[in-house]
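Given below, in the form of structure tokens, are the structures.
One chain, chain A, links the two complexes that follow: it is found with chain B in the first and with chain C in the second.
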Partner chain A sequence: MIRLEKRPQPSKAWSLATPLVAVLATMLAGGLLFAILGKDPVEAIRTIFWEPLFGEFAFYYRPQLLVKGAPLVLIAIGLSLGFKAGIWNIGAEGQYIMGALFGAGVGLAFYPLEAWYIFPLMVIAGGFGGWLWASIPAYLKVRFGTNEILVSLMLVYVAEQFLASMSLGLMKNPEGFGFPGSRNLQQYESAYNADLIAGTGMHWGVVAALIAVIFAYVLLNRHMTGYHIRLTGEAPRAAKFAGVNPSRLILFCLGTSGILAGLAGLFEVSGPSGQVSIDFNVGYGFTAIIVAFLGRLHPVGILLAGGLMALTYIGGDIAQANLQLPSSAIQVFQGMLLFFLLAFDLLTNFRLSFGKPEVA
Partner chain B sequence: MTEVLLSLKGLTKAYPGVVANDSVSFDIGEGEVHALLGENGAGKSTLVKMIYGLVKPDSGEMTLRGKAFAPGEPRQARADGIAMVFQHFSLFDALNVAENIALGMENPPKLRDLAAKIREVSETYGLPLDPYRTVGDLSAGERQRVEIIRCLLQDPKLLIMDEPTSVLTPQEVDILFQTLEKLRAEGTSILYISHKLEEIRTLCDHATILRLGKNVGECVPAETSASEMAELMVGSALTPPERGDREFGAVALDISGLSVPSPSAFGTALRNVHLTVRRGEILGIGGVAGNGQDELLSVLSGETLTEADAVKLGKDPIGRLGPVARRALGVLAAPEERLGHAAAPDMSLTENAMLTGATREGLVKNGFLKWAAAKEFAERVIKEFDVRTPGPENAARSLSGGNLQKFVIGREVLQRPEVLVVNQPTWGVDASAAAAIRQSLLDLAAGGAAVICISQDLDELMEISDSFAALNEGRLSAPRPAAGLTVEEIGLMMGGAHGMEVAHV
Partner chain C sequence: MDLSAINPVLLIASLMVAATPLLFAAIGELVVEKAGVLNLGVEGMMIIGAIAGFATAVETGSPLLGFVAAAGAGALLSVLFAILTQFAQANQVASGLSLTLFGLGLSALMGQSYVGVKPPQMEKLNIPVLSDLPVVGPILFGHDLMLYVAIALIAAVWAMIKFSRLGLVLRAVGENHDAAHALGYKVVRIRILAILFGGACAGLGGAYISLIRVPQWTEGMTAGIGWIALALVVFASWKPWRVLLGAYLFGGVTVVQLNLQAAGVAIPVEYLAMSPYLITILVLVILSADKSSAPAALGRNFHASR
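After this line comes the complex of A and B, so read on.
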């Protein structure tokens, strides 16, 4: 009989090894899935993990890694703060949309004025939009004890309706021949979040993501607020004894993750995407949840996990194009990653023991 | 007494560092309600666990109706007619009563038949209970009925009840007692564990008293006064030790007219509590668990806020100040629950030193944490309080209970408190460590701090406290000087005068 035994201390080695083991297990199970679909599993895995980095067209895919990875990291860093304290913001996708709408709205309002201050204002507006959207579940939880998981999730769908309304109405490009979608901000210099070094994919969102990683690291390891976040997650009663104000912590965690998600939306809409359109959001807010856990809620881990996730996105696209893998198979593949991570995670705190239990 | 149902002879069980039961012998007769009486830690639980097959005795033997009886596991004990109602229920909230009972059975009948049977039993024994109600909606008393009915369905010869009234309202206690009377009339024996003397006097035919794992006496409760039983339970050697002369200074902490509603369904409301502690004084607060100890500590630590004037430090109202502000003023606390309340289990000792030490030890500057200083502080606690651990980087949960307790108490004592409140400071701590902790509290008082020690260990309270009060159902008796208090008086303060009067009628 196999049983689980709680370890006296969390195992450091397993804590570091689980992401790697999870990636390997995903490759095995994913390869099996691809084989069942009639594709060469080795080729498929190679396409997903190798092609974007070192393949023939890597010069094109490498910048894409930054473009896809930056919003994931930015959002996941924000989410991880709340997750560490047991505050579950599932609605980053909505905050991402609202950040984009607020930021783009400011930019479009200034059109066609060219001025240096427009982009900074858009950044502030983007963060504000995300913060506002995340503050709704935060306030409702503090005031009425509602469940932030449900409220934040439902607000994603509200935000999507806003997005549709904006791209068909208020923000629609007056010169767009009636097509839905706003003006393209890439063609509006003061509002364009261009590559800082042309052709690298290195835009302001990447810089913001790196700053967020450092900010979160310092906050969690060196600052009282970060200590309170960890304490609340580990032992809520001890946190109360230490003097943590749970309401303030909820407002802080949800607010911060909202700001970061909003910023991610703003950098996306003013850069790689360029315009507000009905299908603007592609699920970064949800994938970031996987990224946060894949990175073990640790800032540096999230940075690596964001890169890995971006890799599977881009590699998945290539596999779709080159090997005709269905996109749902790629999504299953990404889902497996989280599943295996959570499963192996158990080994950090528990060990397997084989044999019969002793009789007490 | 008629026939002997279960006979225990020389049962002994030792755990590392403590002998839980030291050759305990007694008999339980057929159709007898037998009380097992003793303080916390006296070995009552270990003893019934041996009868129920959860723990194997090191030596000694049991006989059931003359036949050797040595259950290897609870299933065997149940098969032999032993049933047990635990203090903490093991029920699934989301399932209904019948489903819960079916889950505990070896061969459950069809749910409809079972429901009918549950109805029948519940009517026979006057335990109103609808088999189709969801357990999550039931009160504590009704949940207990589920557990009792689960036992009765096995038609037990001996029913063990572990502190059954600790979670019941007085009305529910009445119903329970009627049921137990009925069971006795039908010839079922009951082993009734409690430390509520007046209950035992009304209900039980015979009582065995345990102290420190030994059988120290037997009596017929109806013919013995509550104070005599208390004396047996506590031990007559309860004399306050010689204490150095201590001058009491000005009033350090003053609580007046404090009433706080219960924070949760199983909590206790504090009712009109008054107390004062002077500098250099140790106030001992006794009482049976669950009578408001946790709630009182939480009011003093600042976890529960009250009206500003209800809690005063000297002359300053502090009732509205949170834990951090109180620590800054020198009001420190050490809660009873070590893991999860006083310390975060998975965090290192350094991080746990930060938990309460941040303010007074200057471990934080402009919101940034000084880990090096926190580590030094943790090391100091480890050294001065002889905490056995490889180092401050180890997780709190890797320490033994006693060592963690030393860390938790040491962490507060070394912060030079003006007022220190501790709850169960030596619970589960071996004798020498307990003595060290008590000595540190005495030293602290000698240095001019006011100390409030909440404890269920009367020996401890008599050893260190200058004045003594008892909590009973959220009410605090008027504090009295500890010197010269008799066991009888303490028992009366703990039991609550109103409870005792009922018992004498």
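After this line comes the complex of A and C, so read on.
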């Protein structure tokens, strides 16, 4: 008989190993899924994980890794702060949209003026938009005790409708021949978030993501606020006695994740995506939840997990083109990863013991 | 704008139809939460139910079989949640989220060949005389079978919780799992059964959207109804009849909003479409002051250790 025994302390080794085990298990289960869909599983897995990095056209795909990874890392870093403290912001998608709208709105308002200060202003507006949207659940939770999970999620749908209204109305390109969507910011030099070194995919969002990783690492390991976050997550009662102010923590965690998600949206809309359109958001806000968990809520882990998840996006695109693998298959694949991760996490906190239970 | 085009009788009848998916999903989740488990995967289980029910109905030509398949599919997906939270001791919030993300992906994959297909229609109840009555007829006697099943389910759950031994055990497990365990109740087994019931109900709710309310299959068609169902359980303070009240309220908002869109009110469509979500938030704010009725062990995992 197999029994579970709670470990006195979570196992460090398993904590590092579970993401790897989960990725391997996902590859196996994913291969099975692809086989059921009638695709060669080995070929499909190779296309997703190998082709973007070392394949024939890798020179084209490698920059994409940064482009797709940056928003994921940026959002996931913010989410991880809250998740650590048991504050669940799952509406990052909405904050991402609002950041993009605020930022792009500022940029479009200045059109066609060319000036150095436009892009910094857009960045500030983007962060502000995300912060504003995340502050709604934060404020409601602090003031009324409203569940932040449900409110932040409801606001995603509100943001999506707002995005539709903007791209069909106020922000619509007046020279766009009636097509929905704003002016293309890529053609507006002062607002364009271009590659810092052409052709590398290295835009300001990537820089921001790296800064966020360092910032989060310092915060969590060297700063009082970070200590309070960890304390609240691991021992809420002890945190209360130690004088941690839960309201301030909620406002801080949700606000920061909102700012980061808003920035991610702004960098995306002013760079790779280029214009405000009804469907410019592609669900990074939700995928970032997987990234945060896969990275063990640790800044460096999130950086690696963001890279891996970006890889599955790009590999998924290639598999779609080359093997006619449906795009939703990759979504299933990403969902499975979270399943396996949560399941194997058992081994971090529990020890499996075999044989009959001894009488105490 | 022409508000006189809105027929109040049809409005109430369609409100009941709009509320039924919410009813199914929320009453299932209510039982799950009564057992002390918070399953945030309702949206995922609903959408899986929506496509499983749709596909089965199209292939077999029987909407009823579709509903059976939907309940099965929802329950099947909830097994994953049960394994994660009851055996692997995973965090319930994270597990529920993973269920939703996975369900949305899987349903899109399963539904590829069903986009644009028309499902077989479910017959409306037609009781001679009664269904033909003015006003009362279309509101009370003119619906499909599943709508009445949903209401019956509310009554059944209410009676189960209030009067039966099973309901007592369910509540004991949800209020204090350690005490329930000490009394010899199988906490994990009861919770798993509750989770399965919740999954089946969510599946039915999803199938009601794809087979009757819309009726069509499109990716992500549940559009947050699973999440609203979660909010509804809070709104109802974990009481079955209040779920009915809440669902009709939300159904009413949705239907009025759609009718206003059709009548061409000066408010842009997008802002009208936001309204159900905004009202959900508003209601949550008003009702979140009182948390005393929440099951005490909600969201906490149980592990029998010595």
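We adopt the following convention: the second predicted complex is superposed on the first by the 358 of 360 C-alpha atoms of A that agree within 3 Å, B and C clash if a C-alpha of one lies under 4 Å from a C-alpha of the other, contacts with A are read in each partner's own complex, and residues count from 1 in each chain.
Just so it is clear, a residue touches a chain if its C-beta (ideal position, glycine included) is under 8 Å from a C-beta of that chain, and two chains touch if they have at least 3 such contacts.
Every value quoted in this text rests on a predicted model; they were computed, and no experiment measured them.
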Practice problem: Have a look at chain B and chain C on chain A after the superposition and call it: clash or fit. | Solution: clash
Quiz item: After lining up the shared chain so the two structures overlap, which partner does A:342 touch, if you call chain B first and chain C second: first, second, both or neither?
Solution: second
Quiz item: Does the superposition put A:15 against chain B (first), chain C (second), both, or neither?
Solution: neither
Quiz prompt | Touched chain A residues, chain B compared with chain C | solution = C
Quiz item: Where on chain A do chain B and chain C both make contact?
Solution: 360
Practice problem: Using the touch definition up top, name the residues of chain A that touch chain C in the complex. | Solution: 4-6, 37, 88, 90, 140, 144-147, 149-151, 153-158, 161-162, 164-165, 168-169, 286, 289-290, 293, 326, 328-336, 338-339, 342-343, 345-346, 349-350, 357, 360
Quiz item: Can you name the residues of chain B that touch chain A in the complex?
Solution: 54-56, 72-73, 301-303, 322-325, 327, 333, 335, 337, 339-347, 351, 354-356, 358, 364, 367-369, 371, 394-395, 397-398
Quiz item: Which bits of chain C are touching chain A when the two form their complex?
Solution: 40, 80, 83-84, 87-91, 93-95, 97-98, 101-106, 108-109, 112, 219, 223-224, 227-228, 230-231, 234, 268, 270-271, 273-274, 277-278, 280-281, 284-285, 288-289, 291, 303, 305-306
Self-check item: Interface residues, chain A side, partner chain B - complex
Solution: 8-10, 222-225, 227, 230-231, 234-235, 237-243, 245, 359-360
